[in-house]
Amino acid sequence: MTASGGQSTSTSGELLMSAPSPQSYTADEMMTVAAARRLRGGSCFVGIGLPSLAANLARRTHAPDLVLIYESGTIGAKPDLPPLSIGDGVLADTADSVVSVPEIFNYWLQPGRIDVGFLGAAQIDRYANINTTVIGPYEDPKVRLPGAGGAPEIAASCGEVTVIVRQSPRAFVDRVDFVTSVGFGSGPGDRERLGLRGRGPRTVITDLGILEPDPVTCELVLTHLHPGVTLERARAATGWELAAAPGLRETEPPADHELAALRALTGGHRS
Amino acid sequence: MTASGGQSTSTSGELLMSAPSPQSYTADEMMTVAAARRLRGGSCFVGIGLPSLAANLARRTHAPDLVLIYESGTIGAKPDLPPLSIGDGVLADTADSVVSVPEIFNYWLQPGRIDVGFLGAAQIDRYANINTTVIGPYEDPKVRLPGAGGAPEIAASCGEVTVIVRQSPRAFVDRVDFVTSVGFGSGPGDRERLGLRGRGPRTVITDLGILEPDPVTCELVLTHLHPGVTLERARAATGWELAAAPGLRETEPPADHELAALRALTGGHRS
Amino acid sequence: MATVIPLAEAVANLVHDGDSVALEGFTHLIPYAAGHEIIRQGRRDLTLIRMTPDLIYDQLIGMGCARRLIFSWGGNPGVGSLHRFRDAVQNRWPAPLEVEEHSHAGIANAYVAGASGLPFAVLRGYRGTDLPVHTATVKPITCPFTGEELTAVPAINPDVAIVHAQRADRHGNVQLWGITGVQKEAVLAARRSLVTVEEVVEELEPHPGAVTLPGWVITHVSEAPGGSHPSYSAGYSVRDNDFYQAWDAIARDRESFLTWMDEHVLTREAARP
Amino acid sequence: MATVIPLAEAVANLVHDGDSVALEGFTHLIPYAAGHEIIRQGRRDLTLIRMTPDLIYDQLIGMGCARRLIFSWGGNPGVGSLHRFRDAVQNRWPAPLEVEEHSHAGIANAYVAGASGLPFAVLRGYRGTDLPVHTATVKPITCPFTGEELTAVPAINPDVAIVHAQRADRHGNVQLWGITGVQKEAVLAARRSLVTVEEVVEELEPHPGAVTLPGWVITHVSEAPGGSHPSYSAGYSVRDNDFYQAWDAIARDRESFLTWMDEHVLTREAARP
């Protein structure tokens, strides 16, 4: 959910609390640090919640010039603390420019001007399609989720997309119940056929590891396991036969300065 | 010409100086006062030159709440003196709101929000179509004029249109060489067929009199002669067989307060 | 020219059963006071339009004012779900709720088309998603120059648009700043409009980033200080995050919701400055 | 991120023979200094784009820089005709000039489409006029919801956009205010861009009505104090109406035009702050 859905709420609305790691950091902290590292600079269209926290962490550590763009129309926001809502006053007060909502979508997002789109998800499938609309049938849903917000066009138009979502069989499904935002559709060539100009999801960061699309099949495969997580555990948390990439590696654990910066952002309590 | 063409330049670019009247005012002053009187309030999309002068005169006399809108994006401008250019600083400094050029055309003109469009012309024909583009063939013009500017859409979308133009056989032609802005096209029903939503030109004010479209044929007919002007003289200045409306009347001459206000606007020298 | 009148009168004049009503304000300047007045006046069968239906639409839906919802993201920003919205969709309580669902870009452009007097807008959007399967108001359109296929959405022209702003003058000229969202477009697209303001002032001083809506495109202006609470009005108030959190528990249960509404909305008068 | 470099260098980097170049500024903030530098550098075969080609385009055309002109109103605002533009169209002097002619609403929307990454824009315009007879880039389009026929124009995406603004900071963030015309759209639609500014400052203070263009969408910023003369830069200069009047006589005659250009443009250096 890009538009403020809260911290990657589960399908029933509660926060999924990940199990504490044996390390001196939580699995969520590992996930947030890993996500922040993927942002190298340029511009980032930021969803609220985990994406916003990771993008602000990147700006506080290795990417001070990262331009944060929120769908509320704030360009170049520099909040001291991650905003609680997509339209927090601090975003407007610290922005280089505040534009209307039509303008942020039409002049800034749509032309492919923004390097990275940073999204959460309620469900994600093997082709990195995202669902934030309904669980179950649309006309008679088991769970009605908030809906699309800015995500369909962020997923279509940003140079590339990073997804941050906790890994569980409920969230990582073979086929999403509803395609809110297109990853790779049904596989290779679909983005081109649909005229989507961004490269699509390049990285899916979870509390267990990192997934990337296979260069040939576009299917999400595991490229990194976070320290202490086994391949079996990642597979058990995935609703399709999760493949490991040939060069499967262990994620570099959070450095002290990364953890310190993150905890400063979350006010000491672990996110 | 809406966009700054100067004071209704003739086809050769020079100002057409109308002959002085025997009265204590010039024919141009009569024209401007007659034009100002037609503006009763509401909002007016103003071309530069004669339209701007008349609109500002109306605001100074009987229509103080008239909202002036210029295509430079200034809404509710209250200039002390008529601006020399459509984008004079005084328009922005005194406006209620200044918006971008795309916005002024899309959000303000196009939806039919503006009551009166006030245009000049190089040529006008019996169906009140206006030419400000070329005299002669388009590909090999005898005279290349400035072009369309905002006029085509002003003529299409304002609630109604007032035209102010000096009357001469060169300007009042049977058929314009180029339709820059549609009046009534080839006659009744054309505006509806073209999907033009404004009512079109309701009044053409000249230095000799006032023309209005016949309610049945849409052809411009003479409804008023300014004091001292004969029907013959008006006909001689018109390139088609100009008909007089059944109730042809003499224009009320400029009142002292109208002349005083006009001369204050033009800095004493007669426009 | 807008007339400046009390809020209860303005809502009574402008909002009728069966109308389409857009209350806009993108996380900022949300017109809560006006929404509460609609609830108090007992309006029914409204088509509610809003990019981000949040607590105020949860309240309108839960109180049975809405028949239909046109929206792009319906949640409690920073907290989670809207329980009354969910209950209406999942369980038809207190009444069935039709939904017409878009993306933000789609609704924003539909308002732009509405404000521009165009019947539709074109965007790069929706393609490949399941939205067009369920939302009839999304259609393909072909570029007449390149042959490329894009997406069209029809204009939104609400019967009434309601927004909240920082201030207005006595002629009904309105000024708002900070995150200004889609409010200008909503007002310009609507047949009638109401702007509630923090205060009516003698003269509108220029302010960086301010959008000005001239009084002659607005129907009514009503003074409603604090009228955006629990959202905020930059320069006047801050967001009441605690209330957004608290709403989750209040709205989760039908009884506690009705009790809260009775106590905090139904039995209160609109401010009459 | 924009780099702040001298004007001559910026023009040399960005403007090449055969490019499409848009110098925008709607009667205000017209980038004269940059236009003069293009003339000094002897560029040829340019496609010049501008809603209101005025004196600066008269000069570019008269000096033989242009092969093609895309425009909607070509005149000397408040004075009359552009004699060099006329001479090129009527007598092919100094070279033939192709024209692609639109209305203001058409070009404004073509820039909007260009800035929005869309291949075309839709408007209510041109219908019934003779413009579509001669301008191939105007086509009908049908609303997929109502069946109504409207007009489409293709996006304008210039190779280079050049605008003048009041100020920039050292990171190339630009601020302009007053009548801001179509400049934001032109810069965002272009592949490369140059903004000349009255001054480079340490920090951009908020200003009512200001549009900010972040440095990361601009290629180069160049300091060019007075660079909008004889137009004006609100807060820095006023319009030189006398020069606009004088231009009529200067430009009427080919010889007097060339003499003036030689003396006032060709033999002067661009300001090098």
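Letters are used for the chains, namely A, B, C and D, taken in the order the chains are written, and counting of residues starts over at 1 for each.
Basically, contacts are C-beta pairs under 8 Å (C-beta built on N, C-alpha and C of every residue); 3 or more make two chains touch, one makes a residue touch a chain.
Quick caveat, the model's predicted, so the values are computed rather than measured.
Each of B-D and B-C has its own count of C-beta contacts, and the greater count is at B-D. Subunit B and subunit D have centres, each the mean of its CA atoms, that are 28 Å apart.
Centroid to centroid, with C-alpha atoms defining each point, subunit A and subunit B lie 58 Å apart. The geometric centre of subunit A is 41 Å away from that of subunit D, both derived from CA atoms. Across the assembly, subunit D contributes residues 112, 117-118, 123-124, 148, 150, 184-185, 209, 211 that each touch 2 or more other chains. Of all residues in subunit A, those that touch two or more other chains are 106, 110, 157, 197.
Pairs of chains meeting the touch criterion: A-C, A-D, B-C, B-D, C-D. Across the interface of their complex, subunit A is touched by residues 26-28, 51-52, 71-82, 85-86, 89-90, 101-105, 108-109, 111-112, 123-131, 133-134, 148-150, 178-182, 184-185, 209, 211, 232, 234, 238-239, 241, 244 of subunit C.
Subunit C meets subunit B in the complex at residues 1, 112, 115-118, 173, 184-185, 188, 211-214, 216-217. By the touch criterion given at the top, residues 42-43, 65, 67, 75-76, 96-97, 106-107, 110-113, 157, 197 of subunit B touch subunit C in their complex. Interface residues of subunit A, counted against subunit C in their complex, comprise 1, 3-6, 9, 13-14, 48-49, 71-74, 84-89, 91-93, 98, 100-102, 105-106, 109-110, 133, 138-139, 141-153, 156-157, 178-182, 185, 190-191, 194-197. Residues of subunit C that touch subunit D in their complex: 117-124, 137, 139-141, 143-146, 148, 150, 152, 154, 206-210.
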